[in-house]
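Just so it is clear, A, B, C, D and E label the chains in written order, and each chain counts residues from 1 on its own.
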Amino acid sequence: MDFDWMKIPYALLTLFIVVNYGMLQNALIAKIGARVGRRRGIPIWQNYADLIKNYSIRSSITHGVMYYLGPVFRLSGGVGLLLFVPSLYGSEMFSNLSFAGDLILALYFIFFGTLGMALGAAESGHPYAAIGITRGLQQVSAAELPMALAVFSVALQYQTLSVTEIVAAQQGGFQNWTLFTNPLAVAAAMLSFLGSMMRPPFDVVLAPQEIPIGPPTEYHSSYLALMQTNRAIFPIAKIVIYMNLFFGGATIWPEFFLKVFLIYMVSVLVGVVHPRFRVEQSIRWFLVWAVPIGILSIVLV
Amino acid sequence: MAHIALATGFLLFLIGLYGALTNRNLLRMIVAFTVADAGINVVIVAVGHMRGRTAPILDGAVPAAEAASRIIDPVPQALVLTAIVIGVGITALMLAYAYKLYEARRSLDIGKFMELKW
Amino acid sequence: MIRRAAALALIAALGALLLPLLLGYHPDEALNLTACYYAERTAADLGAANIVTAIVVTYRGLDTLGEVTVLFLSAAVVGLVLARGRTATTGGRPRLPAGELLTTGSRLLAPLIMLLGIYIFVNGHLTPGGGFQGGAVIASGVLLLLLAEPGRRLGHRVIALVESLSGLAYVAIGVAGLVYAGGFLDNRILPIGTLGELASAGAIPVIYSLIGLKVGAEFSSMLANLSETEEL
Amino acid sequence: MVSPLVLIAAPLAGAFLLGLVRCPRAALAVTLATLGLAAAAAGWWVWQLGWAGAEAVEVFTAGTPPPFAIALRMGLPEAALTLVITLTGLLSALHMQDNLAETGHRAMAVLLVAVMAYCGIVLTRDLFNLFVFFELAAIATAGLILLSADARALGAGFKYLVVSQVISALLLIGIIFTYHATGTLYLDGIAAAAAKPALAFFLVFIAIAAELKPFPANGWALDVYESSHPAFSALISAAAGAASLYAADKLLTVGGPAWLPAATAIGIVTFVAGNLLALPQGNDRRLLGYSSVAQIGLVLAVAGQRDVLGEHYHFVAFGLLASHAVAKAGLFWLSGMVAERGLAAWAALRARPPLIFAFATFVAMLAGLPPFPGFYAKWELVRVLAAEGRLVLLGLILFGALLEAGYLFRWFGFALKREPSGEGLACAPSKGIPVLAAVLAAWGLAWQWGDASAQANLLLGLPLLFALAFVLLDWLPAWVKNTLAIAGLAAWFALTLGQYDPLRLIFAVIMLAGGAVTLLASYHAHGRRIGFYPSAMLMYAGLAQLILAADTFSFFAAWEILTVGSYFLILRGRHSEPHALSYIVFSLGGAFLILAGFAVAADGAASFAVADLATLAAPVAPWVFLMLAIGFMTKTASIGLHVWLPGAHAEAETDVSPMVSGILLKAGLFGLAVLLLAMGRQKLGGIDLTLAMLWIGAASALLGNLMAIFQEDAKRLLAYSSIGQMGYALFGLAMMNHLGWLMALMFVINHYIYKSMLFLAVGGVAKRTGTRDMYRMGGLINLMPLSFISVLVGIIAMSGVPPLSGFGGRWIFYNALLTAESRLPMILIFFSGPIAFLYLFRLIHTIFLGQLKDEHRRVKEAPFWLMVPQMIYVVLLIAFALVPGVALRQVDGHLGGLLPAGGLSWDGLTITSDFGYWNPVAIMVIVGIIFTTLFLWLVFVNRRAQKVKQFNIVFAAERPFRPETTHFAWNFFAPYRKALGFLVQPVATGFWNGISGGLHAGADFTRRLYTGNAQTYAVHLLVFVVAVHLFMTGM
Amino acid sequence: MRDELQKRVVKGPDGVEFEVEPLKDYYCEAPPAEHPPAYLKIVEDLFNWARSQSLWILGFGTGCGAIEMRPLMTPRFDAYRYGVQWRPTPRQSNLFIISGYLSVKTLKRVIRSYEQMQNPKYVVGLGSCTINGGMYWDSYNTIKRLDDYLPVDLYIAGCMPRPEALLAGFETLKHIIREGKAEGANLYARNFDWYKANQKKVIHDWDMPDYNW
């Protein structure tokens, strides 16, 4: 495949759009949450202020090389994930860098940032960081399973691992979406999605007062800023995969924004009405409820 | 005749064996084995016996030419000789052992010599 | 009790096992091939009047050599067993001396017994009896001496010498048969002679004499060894 | 022309002569000279009959032909046996010369007569003469027992006499009635007789059988073995055993085929029972006694199979007998050098490495490992039995052999690993010479049997010779040997490069070239490292031969060679004794299954091309497949058969772990690959066996990984991880499609690189920190940065995260799954991926990150030579990540010819499958650019960060107490244990422990049969007689 | 000095014994540095605006005033709308509200937490007790003047001040920040010795390094 240098500015454009959208969406969702609690909530630009503030912190400490690199890994993972998946279907401009690999690449690249972050946080030497990481890893290991099954089911369904081709197969009306052609897979995937969004009931990883926000306990100033940037990108990047696989993808940015927002809202809605699971409870929950659905989807596809 | 001898021999053998299995005293065991040996020897001789014939020694009474029809089977006679001698040898050996065992434990009870087992 | 009953049952089973041998036994009507061969050929081939002796010393000479060896071995092992861990027992409680009558009587009888023994084995190829019987008789003479005079020490060295030399000679004769006649222990290294005479049957009388000596020596040595244990 | 009678006359004359010799030294000289003469005569005959082409001779006594006089026969078997007997006699006499000299001429005479009697038993053709010689042997035995320093020997001798009385009574009755019925005592005459007296012959037969110490009528023999002088036990075991066996053989010839089943039954029961009862033995000599009993039983069973063995009978029987005689005599002699009787007391041998070599030789010989005669014999035997369908017997033989290997190797482990206690070693030359002679004999016989075998002579194999050369070179310093070893591996690889197809080439590269790289780490060892190189090179020799093996025999031989080599290698670890044992037992169990599988497949053919497995048809094929697959899966430590792996890999030395993990495990995969290539899919009872393998692979992957996350010991963690990784590879192979295989091969390469690297890194860390418990480490990143880098690269590669090479494996894996036919097992595989992530994180976190401990504040980076291969691996991993095509493209093409289409297309830098695509270079570049950009950005905004120390963490306004209490490491994944702990209950371990415990308990219970009472033993004998009779009449 | 901070001799895995000095080996000994504004005015203004709009309070209630801070999160007061939120770790917080009286024992923790916050950081004294000791003016174990120990940017007087006062205080603080006058962290670094001396005067069991990074 010939490489086109124009892809680079296009990819940066995608990045720019998604970062901004992510910041605003996070604020919007926080606001929605506040409104549910009958508060006004944060200003819509609050995230920008926080980000700038964190970049503007004058002093910082480092615990070592990996600690220093952790946020870099984290953000690289987010950016890479975003760029390895086409954002808009049928748009040469926003197919990003998806020529480098297919769905499998994207799924495994999720771990890139996780791993780096885990290493960085662990080097801080803080036990809470390590506890948080182990919780996260354990929970994700179970949560990933239904997702993997669902992805596999979809790949079997469309006989391809290329994201573009999967989206292509869903074009021509919402009845062609995987949501309707393979509802079991979508159900499994969405349950898994809940587990990967770090929202209740699966947010014991952060547990702000018990293990002061877990892995990033020691992170601050520009490190934290990097991670905040990632928080704007990474969920979107993940949701883009879901959107492409299950919800017909998007052909224009408004559709993209809408679908991403709605998918995100699923986890928010579940989150605001559920208490927290302990780790072993969430492992059991995924294995007992989500995995069978995934298995069914594989068997039946 | 031969059957009686045979039966006697077997009986002696079995009696001897029974004695050897049930007597716990070393000397009694040895004697029992001697009895059994004797039984075996009787059996051997009895097998060689043929009615109405004589000992396999060529002399005036048994000329060499008629020997084949006049004498009993000489082979068991030769064998029993060996068997007896061997029996004697083993008996002597067992006695010597019994003596040393007694010397070691001041006892002739076979049940006292069981430290090697399992 | 259970032990005895079990032993009895076992013996009964063994008896039942052996029963067919008894019941199925039919005495031979005629000599079998082997016996027939011996009956017909012994006189001519070996020149021994006593067929059993011929078988014992020549045809089954290897058995007999083994037999002698068994005795030799027994004597040696008895010696070994009794020598094992033996401490010097020069002491020991003194015995009453045997009565004069007994001593004199036994001294009188012993040579006679020995002579009888020698007679038996020298004539082994002619008459019933032979080296083993003769040797046993000789040993009984020794036993008599030992019984009569418990304190008596037999000359172990003499016995051992007799034992070894006769044994070596026996083997030598056997090997001579290999070299000078048809095979190991072939008696025909010496002339067969006339049937029924003392100096007949080739080497058989010589061998039997050696056997007699050896057996006598071995029994004597065993008896001596066993008798010496009493002093402990 | 030396008359065979010399063998009888000379010792006899010597014995008589001894009465005349007064001086003990002179007597000893006479004895030794006599025995030497006899041995020379026997040797002369062996030469004449075996090489010079002489015919067997029948020797008449008394100048009269049989049946009228006693005849002897001297043929090759007789010559060989008498040679064994006389040599054993000579060497034993040498060994116990002090005792002999002390006891005097009588004992020597008895010894001479004993040897003569054994020779007589072998030579004679007359039934009654046989009896006489047996009696001679019995009396001589009763005498020689007394040579022992053990006070209990008297009792043993008496028991022996009691039993031999009963035996001789039975024998006499049998003889006289046999004579009565057949009119002759000449064995050939009896054989030719028209009417055979069944019962009389039974008595003769059973009496001779009883001389062979059959189970359960053998208590007396064990007591004799235990209490006799070891040199004499050697004589009983080797010489008397051989002679009695030959007597039994003669009887079986006479009796004809009707008696063979009984012999087989007696033999096999004795073999299995003897070995079983040996399991709980703690006394070395008694253990050897049980083993002797068992071995003789085995040869008797083989004698019972002479009808089917045909022309191979002597090859097999003598192979087993010679192995038994040489090894057992050698072991008894060795036992004479060891002061104490416990098995662990043999640790004293460690003071003299040559003795350890001797011990190893004997154990290997007894266990029937190549290149010893027992190996060839086993091969022939199993082949014939399988061809004849005598599978139960085959199974029992292999089971017994496995038990035997179990206790022998346990004992060997004791010798190598236990602390030598108290008294050392009696190391007089007179004791060493017999052992040395036995070792020489062992290797000589190995050569001889290889030469006589219809198969290749293993000792001609260059790799094996090269490995054995290290035994002789062991005095060199380690670095010289290491250089030699590396050069040897490289040279062999270069030499054979042209002979591999791409599939084999991958394995060859890993095993040979990879082996050489791994060996670089061994430069770190100082001193001479006695024993390391012979073992390691033995393993590599096996591997080298395995890849090249074309036929089943050489395949199996290579398999066993690599097994035994790796066993010695694993055993070197400090605490590896029990683990090495379970390794060897499982491996040999697997090897026996492979052997049986090959044998069943061969259907009588001596050896066939491995590829011809493909031609097998339905009823046999699935069973063959099953046996071979289980055999190979033992090596890959598939779940259920995995219990040996964690300990063996974890306890091995630092540079051994990568060899046994990174390289050795691939042997199993290679076997499976070969098997699946040849046999493809097999169905057994409606179950698709490859599907079963798929499930096993998936379960191994899941459970291996799951168990790994709960380990506190870093090396155990890696070891369990290997189980999981092998599960992946097995899964890939079992998919039986193009991509599945490609993925398996990718795993083969990757696993070699990263597992070797991780084991070396972790080994280096453990070496420096003095512990393998991860929670005792922590914070080592700054002190051991290079080790950290290699672990980091290793875990990234292993977890399959892009951009390193592990991702390629995953990518191919998903593509392969899409073409797979069965979908359910993949669920397990899916689950195991993220779990791998857990233990990998744990590995790097708890060792290198977190809190540094007080005592580790001054540790240094791992030794240079441990780092060299790691850095090579790092480069390899990255290179392989960038251009996987270099290795895989050829294989992909090759696989295209073997498995249906569905391959990859290698278009420029992009790799495309039917489903997706993957461009490793692009990924690497993109990730690199993003990462670098962000890193530079962070450096820019955060340039003045204050470097702080480990306690400068926020701690809820407190401060950490001590690093130990601050390092979160122990029970790292506690919630997982709560949620899924039930999955890692040690079921398999419990199962195998149960079997082992059951066997031990059963043996412990059964051996109470041997009460030590002479009368009980007599009863046993009679019961045995009656039982066999019932068995035979009932048949 | 506590046991765990005392020098100890340990034996390495290689058998060599050496000394571990926890305060030196486990803690960074560097003194705090001043970080004056380094960028263009307009950039610093932007930063100050952002800092003022993003007040992250360390969730550490030192005294009774902590109870007054909870209502700030409720719909009634909803401090979030002013860019205020609570963080569980001092590393990420930039505002330390000393909520009420400060016992000597708590002071130690407060100092540690304060020093673990990053520059720029702000301290707000809540209630009278932080100003002059309040009702605890003669207590044996509370401090009387917070300003002696930490550079206070703002006091919110009252006993207790109501949440509304807190909100007003935030507005004032924002104002101060935007003006670039909230440089307490630099003040602390500049007068580090003086602050330390004051702190050590009341804290007798000083068992930590001089500056808690």
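Basically, a residue touches a chain if its C-beta (ideal position, glycine included) is under 8 Å from a C-beta of that chain, and two chains touch if they have at least 3 such contacts.
Since we're looking at a predicted model, the values are computed, not measured.
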Partner chains shared by subunit A and subunit C (touch criterion as defined above): D
Result of counting contacting C-beta pairs for B-D and A-D, higher pair: A-D
From subunit E, the most remote chain by mean C-alpha position: C
Reference subunit A; chain at largest CA-centroid distance: C
Chain closest to the assembly centre - both centres taken as Cα means: D
Interchain centroid distance [CA atoms averaged], subunit D/subunit E, Å: 69
Centre-of-Cα separation between subunit E and subunit C, whole angstrom: 117
Intercentroid distance (Cα basis), subunit E paired with subunit A, Å: 35
Distance between the centres, which are taken as Cα means, of subunit B and subunit A, whole angstrom: 99
Residues of subunit B engaged with two or more neighbouring chains: 17, 21-22, 47, 75, 79, 82, 86, 89-90, 93, 97, 100
Numbers and ranges of subunit A residues touching at least 2 other chains: 59-61, 212, 217-218, 221
Set of subunit C residues in contact with two or more other chains: 7, 10-11, 14, 18, 21, 25, 28, 32, 34-35, 38, 60, 63, 66-67, 70, 73-74, 77, 81, 84
Which pairs of chains touch, using the document's own definition: A-D, A-E, B-C, B-D, C-D, D-E
Subunit B partner contacts - residues on subunit C that touch it in the complex: 3-4, 7-8, 10-11, 14-15, 18, 21-22, 25, 27-32, 34-36, 38-40, 42-44, 49-52, 55-56, 60, 63-64, 66-67, 70-71, 73-75, 77-78, 81-82, 84-85, 126-128, 132, 195-196, 222, 225-226, 229, 232
Of all residues in subunit A, those that touch subunit D in their complex: 1, 3, 55, 59-66, 68-69, 71-73, 75-76, 79-80, 83-84, 97, 99-105, 108-109, 111-112, 115, 118-119, 122-127, 130-131, 133-135, 137-138, 140-142, 144-145, 148-149, 152, 155-156, 159-162, 212, 217-218, 221-223, 225-226, 278-281, 283-284, 287, 291, 294-295, 298-299
Contact set on subunit B toward subunit C in their complex: 2-3, 6-7, 10, 14, 17-18, 21-22, 47, 49-51, 55-59, 64, 67-69, 71, 73-75, 77-79, 81-82, 84-86, 88-90, 92-93, 95-97, 99-100, 103
Subunit D residues touching subunit C - in the complex, by the definition given at the top: 3, 5, 8-9, 12-13, 15-20, 59-64, 67-70, 103-104, 106-107, 109-110, 113, 116-117, 120, 124, 126, 128-129, 132-133, 135-136, 139-140, 142-143, 146, 154, 173, 177, 180, 183-185, 199-200, 1019, 1022-1023, 1025-1026, 1029
Subunit D residues touching subunit E - in the complex, by the definition given at the top: 768-771, 854-859, 946-952, 954, 957-963
